[in-house]
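Okay, so subunit A shows up in both of these, paired with subunit B first and subunit C after.
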Partner chain A sequence: MSTSTVKPTKPWAATPRDRAMMATSVGLAALSTFLIVAGTPLKGKLAYFFVFFIAWLAIDSFFVFSKAGIKGVRNGLAEKLTFLGALIVMMAVASILWSVISRGMAGLNFAYFTETMRNASIFDPIGMGGIAHAIVGTLLLIAISIIISVPMGILTALYLTEIKGKASKFIEFLIQAMAGVPSVVAGLFIYAAIILNTPLRPSAFLGGLALTILMVPTVTRTAQEVLNLVPQDLREAGLAMGATQWKTVALVVVPAARSGLITAVILGVARIAGETAPLLFTVGTFDAFNFNPFVGQNSALPVIVWGGLNGGAAESIQRAWSAILVLLIVVLIIFTAARIFSKRAMKK
Partner chain B sequence: MSEQTESTTPSSLSAVAAARADKKVAGTSPLGTGLEARGVHAWFSKHHALADVSLDFSAGTVTALIGPSGCGKSTFIRTLNRMHEFIPDTSMAGQVLLDGKDVYEPGIDVTKIRLQIGMVFQKPNPFPSMTIGENVLSGLKLAQIKTANPDELMEECLTRAGLWAEVKDRLGAHAGGLSGGQQQRLCIARALAVKPKVLLMDEPCSALDPGSTLRIEETISELSKSMTVVIVTHNMQQAARVSDYTAFFLSDGGPGQMIEVGPTNEIFSRPRDKRTENYVTGRFG
Partner chain C sequence: MSVDAPTKVIPPAREITTKPRVSDQIFRGIVSTFSFSALVILALIALFLFIQGFSALKAQGFNFITSFEWNVFVDESGKEVASFGLQAMLVGTVVISIIALIIAVPLAVLTALYLTFYAPTRIKNILVTVIDLMAAFPSILYGLWGYFVLMPMAIYWAQLVNKWLGWIYIFDVPEPIFSRSPFIAGIVLSVMIIPIVTSVSREVFSQTPLERVQAAYALGATKWGMIRAVVLPFGANGVVGGSMLGLGRAFGETVAVFSVLNIVYRTNFQVLYTQGGNVASHIIQRFGEAGATEMSALIAAGLVLFLLTLIVNFFANAVVTKTVKSGR
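Then we have the complex of A and B:
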């Protein structure tokens, strides 16, 4: 046996010349950026960023033209603009995260997670009281919304994709219309329909109902999309073996779409987790723990944020920022748990 | 262009078919009276896709359906196990008799029909959420049948489909990791697990390499000892190798029709219809 003397190479990788060109264009772009910003009224970080990007686009296009002609320039421009788009979105998300984390951290302490505002006011110094009651309230609201809207949404999606009944068109239209309902209207609806007309008073349950109105369209439409992606072949394979449609859907279609259906639930939770307006008249506010979703007003993290910012004092605003951070953490934990759960289910 | 020299001559195909006919001892297995189509028509909304097909599939035989694309072969076999009706806005006419009983009789339990007339599809379609073993036994769960010894049944079906040796050590692995040919044999094993009397195969080898095709053809020969097989194929050598009877379908722009049916070696050596001859000699199609 002769040992192989061929070394693996990457002939498509950037050559030293390519790298030199890249460095030159970045250098020239940086230089011209400084000159332009210094010589014109443009000021600030954003100005540097955009001037640099445009200068780099132009200079690099020139190099690309010398190597690959006008087609290469077009291809390169499309690639760079796509990159710019992604970069702007990333910057927006990163700056939101950064401001929430940097401003929220200051208000976090152990008590913030374990205590309620029962014996404290939002104007008290940071360290007194906490928002454990609002974490409980938000978890209750999310749980109630999931319990009601996930079965509703997935069953509706199954009706639209599997049964394709006569009412499909009309239901699709309704779902689309529902997706456009402003969240405050969902809250007003529950208020007008239930709170004004029945002895039921604001509670986590009624808030959950309002959030359900917002969550159902998201869950339904996402579930519909993923169920439509299940190949028709699989349904036919099930039916061709003498299964009823119910058995085919339960044992073949839904398992095949499982991870997509989990995504539908996650998107649904994402839709409602930060909602404030519909909770104002359906949940009310409460400063202590209320573990009973059906009786008594409750609290929710977005409502705490709203109240804190409205308070106007330094302490209350600090509490609001910290509550936003806690909300982000809670949502992140829910999403991660859902993903781990779906992976486990896949492996089994 | 000399098409004659390029294409397979009828005599070589019929030789293959004749050799096969010699090996087979006719009428050895009492498997019921088989499947019979009487005057079957099929429509896709207003489009008349298939007209007046009558075909008798005797029990324990292999029948190949050949013909150019769009001639209604697949539509025809989908009427046999009542899969045709799953496409929205379709209709049909005629009778399909399984052991003398019309499968389209009002009030009949469709799921029982499909249990007796199994199907293997063109593209391998194992269930992605199930393991290899679960796929084989999925029919039992889907049709809610109890079995005394599932492990034995699993081994039997995989052996008959010619896959046991390759997968016996990884029955718990996901079916998606198998090659295309293995997946198709898994689908055959899955179809066998519910013990059908008839197996319909819709171009089962069209997506497979020659090696896998050969394995599946061996499987078909093995299966024909205990069941009736109907196979749609575009590969005339395959029809000659595996089938006892061959039916030729053709559409002349209108609905697809069955032009001719007969013992396979006769269809390939002395077809009665000029159009059949043109097709099997490779003059068109």
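Then we have the complex of A and C:
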């Protein structure tokens, strides 16, 4: 009796014929791209890219048609077009990152991080003055926003997940509405409500208030999501042990969701760290250190970028690029931290 | 054998009640109070913008929306003459946002489809991270990039469009200046709203009921056939909702638009020409030099913008929530 073992095959894998067709179509597409671009007034790398892609789509579709008919062509076109869409988005991101890094590096030096603009103007040569005061200002703003918006956001999230009161639906709706408030309106509101009505003048504290409006929805929604991830069993176990609801929340639910709640705060910070428009109304500008959050105008990284961009001279624009590079690095660090904490929250 | 009968101790009946303990009452009280902070903040925003903008709204009446003049001056008799109408900037806001949607929605939907149905897991994870990161980019970064990197390219594209489609009114220009146009501002905004449209679309697509997907495959559909017959009809509403969320974002964008757009107070439908504006950037532009009368008008403009985004976001969220729920 002879047994035959079935050898595993992969009928869907590309055969040498497929590979040959692939290579041919790419080659033909490259050739025709070259001819088209040379023969018409199109120019630039992007033109090459798009002409190549279209030529490749056409030639490849021809091969696919001979193999799989019109349905195969449609299927293949859909896959390639979705890929093209994703590729264009990634090209935009790459272009943004590349331009910031390549242009921002030139203005970075040690003094840039340790000095203020007190004895320098934005039109001075690079190397004079720095952004230390803006870093301090941004940290102050972030700290104030955290202090105000974290209790608000997390308590609102607790209401939505633990108490589940009658108003839950309504409050969820309000939080969504609040997430859509334009940043310029947040700044204008603080200006209209406080600066026009009270003796308080622009300061880091008022800037923090404006940023709070933008931060609360992010914190609330993320915190609500992670609190919903805490298993219901844990809550029931806490209550069954005789704990009150307060004890259950404080000693079981919140510790279980700790990493996630930290993620919520970090994402909130990422939301506000780069906001410019509200600060123009509420913080003003200042060229030296100001450690007092309540009195006196202050500075912030986005405002430095804004000032440099509007300065218009080569030096000021260079300063803007360097400041945005620093700001971007800050955002990247915040973002990575959020990822790490949310991964930890998922593992539990 | 006798055992002493145990003395019976009857404990007093335990009181069973559903009334929460004092600690719980305090806890619930504090949490419930704080949960209304969103309501309080939104109400305060509307209230104070209305109070401070009231004098302008009262003086201008309905003209504030429909008129397209924005100036204040002192005439010979020393009286201040003010006429504020937001129409030009409202039109500008809508024009830029629509350009942004026209560019962003197809790209975002294609990206979302690629991420949900085509991308290998590893690439998918990277792309999702990058798109989340894109949403966290500061808006001033988009402004800077738009002005220095995108603009030189976009001017060339605008020239091409003008050359071939210039016979259509909106692509015509009074004089050949293509820099700082609504078209370029629209491209910058489109890059800014792609993350939100993509992530909403992706979420909706991934909620497609699995049995319908499998049914399509079982009937012999190709992947594209399945997407067209099942995913797109199911997700269409979600894409609309996501686009409206993006629209709300685009309406309120300030510094990026201000950086790349030549803000001129004139109603302009010629998208390739170097003038335009939107409400938010108009507020920023006039804020520095505004006197009390104009300040009131600017705050009223802020109120209009606030209500506009509130309405758009309301419909967007309603649509998205409904679609996501229908899949479960």
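The definition used in the following text is that the second predicted complex is superposed on the first by the 255 of 348 C-alpha atoms of A that agree within 3 Å, B and C clash if a C-alpha of one lies under 4 Å from a C-alpha of the other, contacts with A are read in each partner's own complex, and residues count from 1 in each chain.
By definition in this document, a contact is a pair of C-beta atoms (placed from the backbone, for glycine too) under 8 Å apart; a residue touches a chain by one contact, two chains touch by 3 or more.
Small disclaimer: the values here were computed from a predicted structure and weren't measured.
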{"item": "First, second, both or neither for A:164, with subunit B first and subunit C second", "value": "first"}
{"item": "Touched partner set for A:252, first subunit B, second subunit C, both or neither", "value": "first"}
{"item": "Larger contact residue set on subunit A - subunit B or subunit C", "value": "C"}
{"item": "First, second, both or neither for A:129, with subunit B first and subunit C second", "value": "neither"}
{"item": "Which of subunit B and subunit C A:74 touches, first, second, both or neither", "value": "second"}
{"item": "Which superposed partner A:188 touches (first subunit B, second subunit C, both, neither)", "value": "second"}
{"item": "First, second, both or neither for A:156, with subunit B first and subunit C second", "value": "second"}
{"item": "Partner chain in contact with A:237 - subunit B first, subunit C second, else both or neither", "value": "first"}
{"item": "First (subunit B), second (subunit C), both or neither touched by A:339", "value": "second"}
{"item": "Touching both subunit C and subunit B, counted on subunit A across the two superposed complexes", "value": "244, 247"}
{"item": "Residue ranges of subunit A touching subunit C (in the complex, touch as defined)", "value": "44, 46, 71-72, 74-75, 77-79, 81-86, 88-90, 92-93, 95-96, 99-100, 103, 151-152, 155-156, 158-160, 162-163, 165, 167, 171, 173-186, 188-189, 191-193, 196, 213, 216-217, 220, 244-247, 249, 270-271, 273-277, 280-281, 302, 305-306, 309, 317, 320-321, 324, 327-328, 331-332, 334-335, 339"}
{"item": "Residue numbers on subunit C that touch subunit A, as the complex places them", "value": "20-21, 23-24, 26-28, 30-32, 34-39, 41-42, 44-45, 48-49, 51-53, 106-111, 113-115, 117-119, 127, 129-134, 136-145, 147-150, 153, 156, 191, 194, 198, 222-225, 227, 245, 248-249, 251-255, 259, 280, 283-284, 287, 295, 298-299, 302, 305-306, 309-310, 312-314, 317"}
{"item": "Residues of subunit B that touch subunit A when the two form their complex", "value": "81, 83, 86, 88, 111-115, 118-119, 121, 123, 125, 127-130, 138-139, 141-144, 187, 190-191, 194"}
{"item": "Residues of subunit A defined as touching subunit B within the complex", "value": "164, 231, 233-244, 247-248, 251-252, 255-256, 258, 346"}
